[in-house]
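Take this structure first; my questions come after.
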Amino acid sequence: MATWTWPLSVRANRTVEQHCEDFLDQASAAMAQPERRKTMDMLGLLMPLMRGQAVADFGDFEGLRQHVRAIRQHTLDNLDHYLPKFEQEALSNGNRVHFARSGEELNSIVLGICQQHKARRVTKGKSMVTEETALNDYLLKAGLAVVETDLGEYIIQQAGETPSHIVAPAIHKPVAEIRQLFLDKHALGERELETAADMVTESRQVLREHFLASEVGIIGANALVAENGYSLLVTNEGNGDLCATLPPVLIVCTTMERIVPRTRDALALVRLLARSAVGQSISCYTSFYSGPRRADEQDGPLETHIVLLDNHRSEILASDYREMLQCIRCGACLNHCPVYVAAGGHAYGAVYPGPVGSVLTPLLSSLEEAQLLPNACTSCGRCEEVCPAAIPLPQLLRDLRHEEFRTGLTAGRWRLGLRLHAWVAGHPRLYRYATGLGIRLLHRLGRKKGGFRHLPLAGGWTSQRDLPAPQGGTFSQLYARRQRDRDDD
Amino acid sequence: MTERSSGAGRKALRSRPQVALFVTCLADLMRPSVAFAALALLEKSGCEVFVPDQQTCCGQPGYNSGDYESAIPLAKQLIAQFEPAQYVVAPSGSCAGMIVHHYPRLLDGEWRERAIELASKTFELTSFLAEIAPLQADPIPPERTPDITYHDSCAGLRELGIQRQPRELLRRICQKDVIEMQQSDVCCGFGGTFCARMPEISGKMASDKLANAMATGAKVLSGGDLGCLLNLAGRARRQGIDLEVRHVAEILNGDLDLAAIGESE
Amino acid sequence: MTDEARREILTRVRGSCRGAGAVRIGEELNALGRSPVAQLPDPDLAVSFLYHVFRNRGSAALARDRSEAVRVIGRYLYERFRSHKLVAGNDSRLAALPWRDGGVLPRFGIAQDGDQAALSYASAAAAECGSVFLVTGKGNPASNNLLPEDHLVLVDAGDLRPDLDQALELAQSGPAGQARPRGINIISGPSSTGDIALQLVQGAHGPRRWHVVLVGDLAADTLVRARQLAGFTQSEE
């Protein structure tokens, strides 16, 4: 029997790293690349149109959204009931259930299972939870060969990058970059790689071998059903189903806030998910798994594990940010966030970018480290408007900015400026006097040209735009004068 | 008889909506013509307008930047100044939204009650003129009305549902439809202090908005929030884009001869 | 480690919850009512179902009865592959089809890498989004849904349900079903991906084509109406 040689790239660790402290520089770098910018702008234009159509076609989408919100809130309020219930049902289906407090614990549980089976080859379905724990790096260091099988994840794994979008991990990559990547990494000889379809065919061929040869499959879960211990996985590619069907060992890596009470609640969530994520009415593959293969079956894993990760979620449950646990990871808030579309996912320097990430990252790491992210928001409210879980993201981001202000994380000059403004505005007479003087001066300096290219203390504003000159005189001055003139008449 | 007539007189007076105009700090400082236009439109539409003279700022800059503590006294100050009014109207969706949505959240106890009471009678200008005191103003002669495209400012759109109202009013006054741009409901990149904290991203967003506006072929870009309009006018000037930026109140009031925002006199 | 972790996590969760009893929780859950479902594009269930099949980039054919279904499948295989090879699970309903009528002789069992086509018999189907329900097991190994180039699915028109919930209920009560089958695969199109610059490509990992054969006494214009509703012209089938 021929031995399958694993391409070197599968063993490679991540080579590109970003940090959330460098949000502005990373955003700037992304905006400087015209091809990437074009792809992101297309995402920002197309996805809202597609979602909008799917939502309109559904009918009572708002009713659906509120229904699922109520179910999920109920589940979180009674997680002390539903979590043990899920565990009990999953066990009785023949699964082994593990609890992990931290990413490290999850990683070591997974590695332990692999080692117990002397596994060397692992295929993975897309799982944001294992991105959170950096499982790939951990397994690779331990000498295992790990292959991501979602095409987007596969592409960025080959490139040594991290996902830039939670649903479309390689969305930042223009076609030409992917073509070059495949030419560099795949040794398939002469072949066509002109179109996206060619590249899909090629990765299909490469990954099919991996599926057939791997000893462990790792997937995530979109929902966990408490009443029967099922886990639900949704994909368009079918890679998750292959991971859950072909390798002899299956490990589901997930978190406790995925739990819903009943199968029908999982189906309600499915109704929201694909419409919000990509404007489809449903994904191609929506699969419920109960546990290991049964006696009369010819395929399916012989052993199945479910690893439930906490990683700060029980703290979030106890906090004012509890609503974040209702997120279904659809990515709609990313697609609709103009800041995300401009900055790109890598700018956030964290596993979860965009509005959801700007709330989650500080909660999963620290506000100190991630302090810029809650400020990457214009409070435009579009994320909340489209969030299928109706999470008040702009308000949560504002509350995080409040925490920053309270704990002294906000930069000194901003604190001073805001406090000074508020103090003056709290003294109307002083305010009138000071603004009256200032505006008169600005008007005199700027009226000829209509605006300013530079202005002391307004460098943030004038770096990108002129400051239009004020019309001359404040309204309160002009109005008072007008009233006086009228009284004199 | 005197009693009866004075009673009727008072009643007649009462039936005119009593509006307290919240000028908003940006209109006060940067573009008084917006507030004068708002005042004129309200008066033409039969309102009795008064302008509380101690008003300053609604507290949004601090609030949105996370400084809730300094926004609270400003909120209380504004509530005390405006609560005697029958209606409060502001030529800005974000300032009206601050009062309507955020004051009740920011304040506690008795002040929250007062905030909720004020919220119930506070309106953005175009929604007030579309729904409460129907706009009575003369149409502008067609030869004077430019082609207009409209930017939906985020707070007005999503906190107050303002989208149809300014378009309806513009159609009545200009006798033609607004030319819709692509993604009119996407943020222009202003976002209060955001535009100065993350200028490059903000600049890109403003450029996208201007490109969408230019693609309509309209001569005027209008909107209902001065913050957005100052941002867009400033960016247009910087990039040499030939677009007149005007507040919707000014257009409705026929103030088309005024220098547009950021234009030299 | 995991026992200690379990204890700690459960304790923390308990600290943030209200400790209500199962009965009360159940009552509260029931009080939340049922999920709204998608409105159907057409009053006819079959038209609505096929509308979604087309929108999901599937293809479809009608057959009046099982004999015609076999002939339709035979023609499909010949047109696609110039062959009559087919894999089908050990499903008694599949075994009972009059295969000779279509000149097709399936290999019963599990699909392997390299198989061109597999046939599944749906336990139920939902008009709400054009989905077929397949129950994992001897009658339909999941490999059959995933490994071949083309995946064909027979659907009895009588097994069509308006929404996902009703279809699931049927799938769990049908001949292949049981209260808690090992897996339920709800399939709604060919394997596809948009991961390269948002361009939709079929056949990412699983079948490149997904072909539904709807069996039953249906109006002759069912297919045409569904296709028109979905915005596809005749030639694009």
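Order as written gives the chain letters A, B and C; numbering starts at 1 within each chain.
Methods note: contacts are C-beta pairs under 8 Å (C-beta built on N, C-alpha and C of every residue); 3 or more make two chains touch, one makes a residue touch a chain.
Because the structure is a prediction, the values reported are computed rather than measured.
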Inset, instruction - Would you pick out the chains that touch subunit A and also touch subunit C? - result: none
Inset, instruction - Work out the mean Cα position per chain and let me know which chain is farthest from subunit B. - result: C
Legend entry - Nearest-to-centre chain - CA centroid comparison: A
Inset, instruction - With chain centres taken as the means of their Cα atoms, state the distance from subunit A to subunit C in Å. - result: 29
Legend entry - Interchain centroid distance [CA atoms averaged], subunit B/subunit C, Å: 53
Inset, instruction - Would you kindly tell me how far, in whole Å, the mean C-alpha position of subunit B lies from that of subunit A? - result: 34
Inset, instruction - Give every residue of subunit B touching subunit A within the complex, in rising order. - result: 23, 25, 27-33, 35-36, 51, 53-57, 59, 61-71, 73-74, 77, 105, 154-155, 157-159, 182-183, 185-187, 189-206, 208, 230-231, 233-235, 237-238, 259, 261-265
Legend entry - Touching residues on subunit C, where the partner in the complex is subunit A: 1-2, 5-6, 8-10, 12-20, 22, 25, 28-29, 32-39, 41, 52, 55-56, 109-110, 113, 128-131, 136-138, 141-143, 145-146, 164-165, 168, 180-199, 201, 203-207, 210
Legend entry - Footprint of subunit B on subunit A - complex, ascending: 24, 27-28, 31, 41, 44-45, 338-339, 342-343, 374-382, 384-385, 395, 398-406, 410, 414-415, 418-419, 421-423, 425-426, 428, 431, 435, 438-439, 447-451, 453, 458-461, 463-471, 473-476, 478-480
Inset, instruction - Going by the contact rule at the top, pick out the subunit A residues touching subunit C in the complex. - result: 39, 42-43, 46, 57-60, 63-64, 67-68, 70-71, 74, 77-81, 83-84, 93, 98-101, 105, 108-109, 149-152, 155, 168-171, 173-175, 178, 196-197, 199-201, 204, 207-208, 211-212, 228, 230, 236-239, 241-242, 244-246, 256, 261-265, 267-268, 270-271, 278, 280-291, 293-294, 296-300, 308, 310, 314-315, 317-318, 322
